[in-house]
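Structures follow.
First chain A sits with chain B, and in the next complex the same chain sits with chain C.
Our next item is the complex of A and B:
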């Protein structure tokens, strides 16, 4: 691994961590789509700042872009507050309009300036190790500029989260309560919007606008499927983000394809795997649990059925293995397998094709009935 | 970036964008009402990998091949969004954001991979994003119509189902309508429309065309059928206006963004000035109501004062009324208005008492509230 590769991976990881930290709160507060809106509208901030300064590398571009991001959110919220447009529609109105203005401005006024659309979408992470993009101070080389910027953003984000952890928590999970105890959640909301905008703008330069959305939503949502604790979710989200960065980089390396695109792809694959196979909330374990519960319930029901007819005249008929499925109205095959399970677990025994309760089975049946009466 | 490859007649461009605008407006109505405005945005981004895979597989840039690929990946994305929000604790907004960005990122990866192959012609990303309305040919318009007409017929056939699912999901469910199937059908229609328009207007415009006309139309009516048609008309109109405006000058202005800005202008005007739901209208109504309310409260104050000090025919002064009013500065105007209406009379200089007509007026106003004035 060369130093250039190492630096690209470090930048990718730093970007992923910065985005994942914000992303956790976006996902929990159902604001994920604001990152989509912001990542589109930063373009207008960049364009306007560029027209004012005439310099593509000016730091004012970052300021302009961040302002545009915050402005977008305020505009969406303003529209929502009028009560005539819902949030989703407000987002869908605002960002295409601002984005279109930016595109028109570019196409009308800057024909001779190369504001490369591909670079905006894909980012320039592969150019990170170039000599012109390094931070040099007093003759020492401190690595790529964008890496330094990203680390600064991570520090600010972590600082914000640690400083306002309690406030973020209460305003995220119970905004009404936070208002009731005399703390206005709106300030935290604004702080979050500012931090998302800054992070989006800084990451946008490195990995492009679409990956910002992927890195904010996917690792956080993946972590959300793992845990119920906010602090653990933050840690998981960062780890998954870094995993996306490293795996994505090598995928891109082997395919000779876009790093940003590969990182998004890996993020999607990780989310998909978690969605299906997560230990507790994965689709398969949920289905499996449902199946086990179903089976347990059926076994109890069978035992209750047996107690009901125990010692009666109809016992031979009702508890006969051959006709059991008709009385329970279950599938024949399934009934067999439940009956077999009852025998296997010593809850019942089979005598001349008739199921008889064992003492253990009787206890279980009575217990199940007891639970039933307690519930009702 | 936006130069057109050929300069066809404006006619097919106008016809194409108008048709697309109408289709998007009509179907966008359902998306907006179901709070799925951004579904279109997500699906249109998610078409990218399908486009590129189709290009790789068929090795052609024929419209139908690309459309087929886009339709398949759009459908998968739509199902992913529905599935994630239905089967996990991840909410719909995150499901949309993840699907959008991951599919698009995957497409980007494929695109860059394809472009490195020496034999592949570059499939432009800019074109996918902004479309090329200026290169619409008659053939494309026919293809568009071939998609639009079945879509509109489907909407017509399932009108009642869509209406029910839009406004009262649980009721639809309790009546035994296949709600999930209707959800899927609507999403499929959305995919069809997006695929049809993607080549022409691009991703960003697609999301705008699905949301904006419907929001504008919502301002003018409370009826679904009128809203759908009106949204279609707004969409078609901005399509025409955008196509014409962007072709007026000698310089090539991209059509897509002009259409977006035009439809945004319509939305802006509708939100401000539409009767009954417009902001200006609501403010005016608020102002008018508060004046009537003030009038009633001044009259009621006068009446109460006159009752408490009964027997004597003494009036009460403006200063007194101001003292007990919640909005003292408005009192003189209300008193003058009451005098004009004959509900109050001036017994002495600056002293007012309510007339019998005034008492009647107030009684009538309060009687239907269930608490007549004592």
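Our next item is the complex of A and C:
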């Protein structure tokens, strides 16, 4: 591995970690869509700041972009408060408007601006190790500038989360309660918007505006599926983010494709795998549990059916193993299998093809009936 | 001596001409209400009567278009520190990554203020509250794995941790099992006996007489408020609910 490759991977990892940290709160607050908007509209801040300073590396670009991000959120919320448009529509209106103005400005003045559309959409992480993009100080080379910036953003984000951890937690979980105990959720919201905006701007350079949202939402959404504590979710979100970065880089290397695109693809794949296979909340385990519950309920239903017809004239007909499915209107094969399970678990016994309750089966049936009555 | 008398005279809540509206549709119309300290108060009224709105206005979560509320003689922003709030169980996302302990510990945040983190004292308070509601064994369980009754106990414990003087509870009996309902009532009585005041939004008219000393009958306007024996009458109930409701006596 060359030093250039290492630097690109380090930057990819740093970007993913910075995004994953914000992402946790965006996912929990159902604000992922807003991060999509922010990551696009920061462009107008960059463009305007560039026109004012004429310098593509000026720190004012960061300030301009962050301001644009906050402005986006205020505009969305303002529109929403008028009561004329809903939140989703407000986001859908504000962000294309601001983004398209930025795109227009770039395309009109693109002759003398080093901003091109490709870079805006997917970033230019591959250019990271270039000599013109290095941080040099007193004759020493401190690595790529964007890596230094990204590490600074990570430190700010981690600082924000550690300092305001309890405020972030309570205002995300229960905003009304949070306000009642003196933590106005609005200030925390604003802090979060600031942090998302700065992160989006800094990441923008590396991965572009479209993929920022993937790095914010996917690792956090993946971690959400298998963690049950906020602090652990934050840690896992970062680990998954880094995994996306490294695996994405090598995928791009072998496919000779866009690094940012590959990172987002890996993020999607990791989410997909977790979505299906997560131990508690994954789709398969949810299905499995539903199946077991369904089966248990069917067994209880059968036992209740047997109690209702126990000792009646129709018992021979109603509880006959061969005609049972006609009465319950179940699939014949399934009925057999449930009946077999009842016998196997000593809840019923079979006498001349007629199912008879055992004492154990009777108890279960009566308990099931009890629960059924309580529910109604 | 006079100091003691003053304290006795202080009302838990004093609400004057409170009107809250959604756009131009009033949800609460000019409410005057005085709640004495140490009362267990049921807030009763039909759907859309403004019960939750009343609680949220006292907490300062909603801005009234007219009128005011005072808490133990203080303006809301000061008085709110004396209140513990139990929101409706359905108002939060129980899939949030937190344990029972995490949620109950949130009750200690208010006294801590910004930036300070919970320490061993807060952990102890949290454990005590969990023990009181019988949830200590489940302290490390994820909140999405709780039953409705257990979720309500968690919310109650979070309020108990605050050691407040006034408890505002929004439908704590909604969808809980009868054991939980009984233990909540027990806890409310214990709080009352220690001098606290509790306002509880309640739905079941049959149990009002058993559970509460005071009742507020609400239907956008205040229909009646006072000791249950004086106010909880067939006539008042008909005024609040319309003619279909009866006590079934």
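As a working rule, the second predicted complex is superposed on the first by the 356 of 376 C-alpha atoms of A that agree within 3 Å, B and C clash if a C-alpha of one lies under 4 Å from a C-alpha of the other, contacts with A are read in each partner's own complex, and residues count from 1 in each chain.
Note that contacts are C-beta pairs under 8 Å (C-beta built on N, C-alpha and C of every residue); 3 or more make two chains touch, one makes a residue touch a chain.
Everything quoted here is computed from the prediction, not taken from an experiment.
Visitor: Just chain B (first), just chain C (second), both, or neither: which does A:27 touch?
Guide: It touches chain B, and chain C stays clear.
Visitor: Tell me the contact category for A:182 with respect to chain B and chain C: first, second, both or neither.
Guide: A:182 contacts chain C only, not chain B.
Visitor: After lining up the shared chain so the two structures overlap, which partner does A:169 touch, if you call chain B first and chain C second: first, second, both or neither?
Guide: Second partner only.
Visitor: Give one of first, second, both or neither to describe whether A:230 is in contact with chain B, with chain C, with both, or with none.
Guide: Second partner only, chain C.
Visitor: Quick check for you: in the superposed arrangement, does A:297 touch first (chain B), second (chain C), both or neither?
Guide: neither
Visitor: Given the touch rule stated above, what does A:263 touch, chain B (first), chain C (second), both, or neither?
Guide: After superposition on chain A, A:263 lies in contact with chain B alone.
Visitor: Using the superposition on A, tell me which residues of chain A are in contact with chain B and, in the other complex, with chain C.
Guide: Shared contact residues on chain A (touching chain B in one complex, chain C in the other): 224.
Visitor: In the complex of these two chains, what residues of chain A are touching chain B?
Guide: Within the complex, chain A touches chain B at residues 26-27, 30-33, 35-36, 40, 79, 82, 84-86, 88-89, 91-93, 96-97, 99-101, 103-104, 107-108, 117-118, 121-122, 210-211, 213-214, 216-218, 220-221, 224-225, 251-252, 255-258, 260-265, 267-268, 271, 275, 281, 283, 286.
Visitor: Which of the residues in chain C come into contact with chain A in the complex?
Guide: Where chain C meets chain A, its residues are 56, 59-61, 80-81, 83, 85, 87, 91-93, 96-99, 102-103, 106-107, 109-110, 112-115, 117-118, 142, 144, 158, 162.
Visitor: Quick one: which bits of chain A touch chain C in the complex? Just the residue numbers, please.
Guide: 28, 163-167, 169-170, 172-174, 176-177, 179-183, 224, 227-230, 232-233
Visitor: Residues of chain B touching chain A in their complex?
Guide: Residues 1-2, 32, 35-38, 40-41, 45, 84, 87-91, 93-94, 96-98, 100-113, 116, 125-126, 129-130, 204-205, 207-208, 210-212, 214-215, 218-219, 251-254, 256-258, 260-261, 264, 267, 271, 277-279.
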